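Input: structures, listed below.
You will see two complexes here that share chain A, one where it goes with chain B and one where it goes with chain C.
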Partner chain A sequence: MGELRLMKGNEAIAEAAIRAGCDGYFGYPITPQSEVMEYLMAEKPYESTGMVVLQAESEVASINMLYGGAGTGKIVMTSSSSPGISLMQEGISYLAGTQLPALIVNIVRGGPGLGTIQPSQADYNQAVKGGGHGDYHMIVYAPASVQEMADFVATGFKAAFKYRTPVMILSDGAIGQMMEKVYLSDPVPRRTEEEIISQCPWATTGRPPTRDHNIITSLDLDPAGQERLNLVLQEKYRKIEENEVMYEEIECEDAEYIFTAFGLSARICQKAIELAREKGINVGLFRPITLFPFPKKEIRELGRKVKGIMVVEMNAGQMIEDVRLSVDSDIPIEHYGRFGGIIPTPDEIVNVLENKIIGD
Partner chain B sequence: MEEKFARPEIRKPENIVYKRTDLLVDRPLSYCPGCGHGVVHRLLMEVIEEKDIVSKTIGISPVGCSVLAYDFLDVDMQGAAHGRAPALATAITRLWPDRYVFTYQGDGDLAAIGTAETIHACNRGENFTIIFINNGIYGMTGGQMAPTTLPGMRSSTSPYGRDVDIMGHPLKITELVANLPGTYYVTRQSVQTPGAVRKTKKALRKAFDNQDLNKGVSLVEVVSNCNSGWKMTPVQSNIWMEENMFPYYPLGDIKVEGTLVEK
Partner chain C sequence: MTEEIIIAGFGGQGVLSMGKILAYSGVMQDQEVSWMPSYGPEMRGGTANVTVIVSDERISSPILNKFDTAIILNQQSMDKFEDSVKPGGLLIFDPNGITRFPKRKDINIYSIAASDEAGKLGLSIVFNMMVLGGFLKLKPIVNLENIHKGLEKSLPSRHHKLIPDNEKAIGIGMELIQPIQVLES
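After this line comes the complex of A and B, so read on.
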C-alpha cells in the first residue's frame, strides 16, 4: 500500500528510518542535513514506535553511540555532513573492525575544512576507500533522488545486517534539501527483544546461563589473529563485490560516448544527454549506485563498446580513478568537475564532452 | 585446582567461607602484580553475582591497561575506543533500558580524551555506572603524564616532575561531575587495605542498586596505584599513594542520592 508524499530528501531519510523499524538515531546538527534529526524530534517516534532519538554532544559521541547501539543488535543510524563525518572516522573503523551493522548518512558539502554548506561530491574517496584507519570498506549507496534517499535506508539496514558491516548513504546537500514526491512503504514493526536475541547471537544482550559471554572488540594483540580478522573482512568485501553491485544505464544501447556520474551529477548528466542528442551526439549515462562495490565489470564492458567516457563529478576527480582502473580499452577517459558547492550545468558538460573527448 | 589442596576431605561446599566469584574468568590477569585493577575487577563481579544480574549486565571496557577487561569479566562486554565508553553506554542504556550498564575507565580515558563524553553523559543523567580507576598516570602506554598526575610528579612526559605552569593542573573531574544535576551518586574510594576494599565494594553495590532507581549516573572513582608506571614496588606505591594522592584526591562520598555531601 504505502503512501505518496512531497518531502525533502533529508526528511525522507528520517521518515524511511521510522518505517523501516529503526531502533535508534544518534546525531549532531550540521548543515545541510539537520532536517534529519529535526524531523525525527518533531515526529516523536519514541512515543509511536519506541525508536530512540538522541542529540549527542558531538559527532565523535554520536558515532560512538552508534557503535555501542550497533553492539546491542538493534537497528541504528546516524547522519551528518562532511566535517562531522571526518570526526567519525575512528568510530567507523571500529564498526568495521568489530563487524557491526550500522547506517551512516553523509549529506556532503564542499570542503576542505569548514568549506561551504553547498552541495559537493568531494567525500567520494573518504567514503569508498576507507576514510578511517585500517583495511576496511563500507557498502556505499549514492542516491540520485529523494525516492532513493528513502529507499536506500531500508536497503542499507538490510545490507548492514546481512554482512555485519557499516553502510553509508553518500548523498549531497542538494538532494538532501530538494523536495520531490516520494513513495513511502508501509511501516514494519521494530523487532522484539526475542527476535534480536535469536537473530544476533553475537550481540550484547546480557549473558544468559546458556551461552558464553559475548565480547565485541576489534583488538587482537596476536598478529596472526589480527591477520585472520583482516582475511575475514577481505573475504566479506569480495562477497559484497560479487552480490551487491547496483548501477543504472540510461540510453546506453546506441551510445558512442558515455557519461559516468553518481548522485546529483548523474541527474544533471541526464539533461546533458538530451542536449547532446539534440546536437546529434549519441551519448548515454552509466550511473554507479553502489560506489563500493564499484560496478567494475559493467563499466569495463561498456568501455569496450564506446569511443570515450566522460566522468562528471562535483569534485576534482575521485571516482574517475575507479573508472580508469576498471576500463581496459584504449579510449579517452576524461573528467569534468566543479567544486566548492558549484553545480555543473548541462551545457558546460556537453561543451566539455565536445572539446575534451569528441574533439580528441 | 584440586591437587593444590592436600586435604580434599575438608574442601566441601559447607566448609567454604570465601571463594573467587565464578564471574571472574579463571585465567591469569594481564595486570602487573600489586596493581589495583585486579581487585576492582573482583569486587565488580562480586556485586554482579550478589545482585544476580548477569543476564542483564553489559559492560564497556576502555583503552588503557584494562583494555582486556572483557577477557576477565564473564558478562557481555564491548570494547570502546579510547575515551568513548560513556557514549557507548548511553546508547546501550537507552536501547536496553532494563539492563545494568557499566563503563570501566582509566584517568586518561575518562578525564583527558573522553572528557566531553564523560561530562555530557553525566549531565544528561544517563542511567549507568562509571567505574573510574585514577592512578594518576597513563599505565598502558608506558607511564606518560595523565590529566590527574600530581604537581611535581614524575612521568615519562614530565621527567622533571609536573610543572603546573607549563603543563597545567591536575583535573579533579570527579568533583566536577558531582556538581552536575545528572549525577546521583559520586564517591571516591581505594583498594589498598582490606577496609578500603570493603568500602569500595559497598560503593559499587550502591552504584548498581541506584540503577534500579533510574536517577542518573553513579560514578565510583577508585584512587589506585600504578606501581610499574610510578616505578615503585607495590608496597612503596601504596604508601606513596596514601601520602601524596589521598591529600589531593580525598576519599569518601562526594554526592549521595543526588545531594552534595557537606564537608
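After this line comes the complex of A and C, so read on.
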C-alpha cells in the first residue's frame, strides 16, 4: 500500500512527483500552492534523483521552460494558482498544438482578476473548454482528497505521454492546504537518456544518422497542413473520451435525487448526503473525476433513474452546462454555488435541495 | 466514532500544531483524520483556526459549520464559533483575555486556565498541549501512547527534546480543566 504519511495536498503533489520519476519542476510562487515548490526545495531531489527544481522569473517563463523540457521527452510539471495559470495559457495552447506531454497543476483561488487566496472552482471552464486559443483540450483530473492529489500526479504523467498532451490537475486552495492521510507509492527511477530516446521517437534528443530532424513547432502556414494537425488532435480527443473517463458514484443505488459535484464540493456534498438521509431524503452523489473527458454517458444513465439533479460548484454555474448537455431526461437540473472563496456549507446545500429540486 | 473539532485562537498560540499533533495521533491509532487550517485573510489578521476530524470511518467534508467540540483561545474566536457547537456539544475555553463568557445553555462548557498556569511554570511553549490535555480528559479519543507517537511524527527531530515537556503539559492540562456548565446526560 506504500508509505503512510499525514500531508498537505500541495506537499503530496510534490512528493508524488519525485516518486513518479519527474525530471523537472518549473514554477513561480503564488498562494495557495507555494508549498509545492517549498517542499521540493526542502527535499532537494536534484541531489537524490537528479530532478531539476527551478523557480522561474514568472509564470510565463515557467510554462515555456516546461515546453522546452517536454520537447526533449522529459517528464516535466509546473504548478500555480488561477492568476498564474491565466498567464500560462499561451504556453498551454502551444503544448497542445505541438502535442507535447506535460503536467500543469492549478490550485484554484477565487477570481476574477487577482481575486482572493481562498478556495474556488471558478476555473472549470478555463481548464475544460480551452483557456488558450485554438481547438484543443487537456485531460483534466479533479482530485477530492490528498490521496488523489498524490495519485493523479503519476496518472497524469502516464496519460500525458500516452496521448502526447498537456494534462491538468484542477484542485483548489482547501485541498492544497489541508492534511489527510496519504499512502505514497514506491519511487520509480527517472528514465535514462536511452529509455527516453526509445520511448519518445518524436523528441528532440539529438538527430542520429538513421532519421530526419525532429522539429517541434505549432506553426504551419499551409491551411491544409494545419487542418490535418487539427484532425489528428480531434481523433486523439475522441480516443481520450473513449478510454480515460473516471467518475465515482456514492450512495446512488437507492437515490431519488443526486448531487453532482467535483473536488472539494463533492466532499461537502457527502456531508450534505449524511444530513439529508437523516431527514429521510434519498440522495446520492455523482462525482466526475475527469472533467475532460466528462462522464457524459454515465450521468445520462443516472439522469434516467432519478427525479432531479443538483449541481454544486464553487462558481456561478460552469460544470452544470456539461451536465445539461449530457442528461436527456426531463428532470429538474439546478445549480447551487458560492463564489469568491466562500465555501458552501452542507446545511445550505440540503436547504437548496429541498427548496429548489424537491419542492418543485 | 467521529469527532469534529474546531480549535481557534491567535497565531502563535500553537493552534495549528495542536491540531496537527491530534491528527497525527489519530493516524497512529489507525483512524481517518483531516486537518483543515485557516490560511486566508484571517491569518493575516492575527487569528488562526483549524478544523480537525478524527473518525473510524471515511471522512466526508473536511470543512464544517457545526462542531462536536470547540476549543477557544481568544475573544474573537468565542464570538465566531460559540454558535457553531452542536447542541449537546462541548466548548472549552481559556479565560485569559476572554471578556464575554459563553452564553449557550444547550452545550457543555469547561474552562482551562492554561496560559496562566503555563506562564507560572515556565512552560509557555507547550501551553497548547495543556489545552489538548484538558480536551483529552473529557474526550479520550486518542490514547497517550499514540499522542507520544504523534508528537514524534509531527515535531521536527530538532524539537524532540521537548517531547517530555509536551507530555508533562498534557498531564497538567488534564488536572487543570474545570466544569462551568455540564448538561444532565
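Operating definition for what follows: the second predicted complex is superposed on the first by the 359 of 360 C-alpha atoms of A that agree within 3 Å, B and C clash if a C-alpha of one lies under 4 Å from a C-alpha of the other, contacts with A are read in each partner's own complex, and residues count from 1 in each chain.
By our rule, a residue touches a chain if its C-beta (ideal position, glycine included) is under 8 Å from a C-beta of that chain, and two chains touch if they have at least 3 such contacts.
What you see is a predicted model; the values in this text were computed from it and never measured.
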- Simultaneous placement of chain C and chain B on chain A, clash or fit: fit
- Once both structures are overlaid, what angle do chain B and chain C make about chain A, taking C-alpha centres and a multiple of 10 degrees? 120
- Considering only the touch criterion stated at the top, classify A:D347 as touching first (chain B), second (chain C), both, or neither. second
- Message: For A:Q118, using the defined touch cut-off, is the partner it touches chain B, chain C, both, or neither? Pick first, second, both or neither.
- Response: second
- Message: On the A-aligned overlay, A:R190 touches which partner chain: chain B = first, chain C = second, or both, or neither?
- Response: neither
- Message: Quick one: is A:M179 in contact with chain B, with chain C, with both, or with neither? Answer first, second, both or neither.
- Response: second
- Does chain C touch more residues of chain A than chain B does, or is it the other way round? B
- Query: Who does A:R19 touch here: chain B (first), chain C (second), both, or neither?
  - Reply: neither
- With both complexes overlaid on chain A, what's the closest CA-to-CA approach of chain B to chain C, in Å? 31
- Message: Per the contact definition, I'd like the list of chain A residues that touch chain B in the complex.
- Response: 23-24, 26, 52, 54, 56-58, 60-62, 64-69, 71-72, 74, 76, 90-91, 94, 98, 204-209, 213-219
- In the complex with chain A, residue positions of chain C that touch it: 20, 23-24, 27, 32-37, 39-41, 59-66, 153-154
- Item | chain C contact footprint on chain A (complex, rising order) | 4, 6, 31-32, 116-118, 173-174, 177-181, 264, 267-268, 270-274, 341, 343, 345-347
- Task: In the complex, go through chain B and note every residue touching chain A.
- Result: 54-58, 60-61, 67-68, 70-71, 73-81, 84, 87-92, 94-96, 99, 116-117, 120
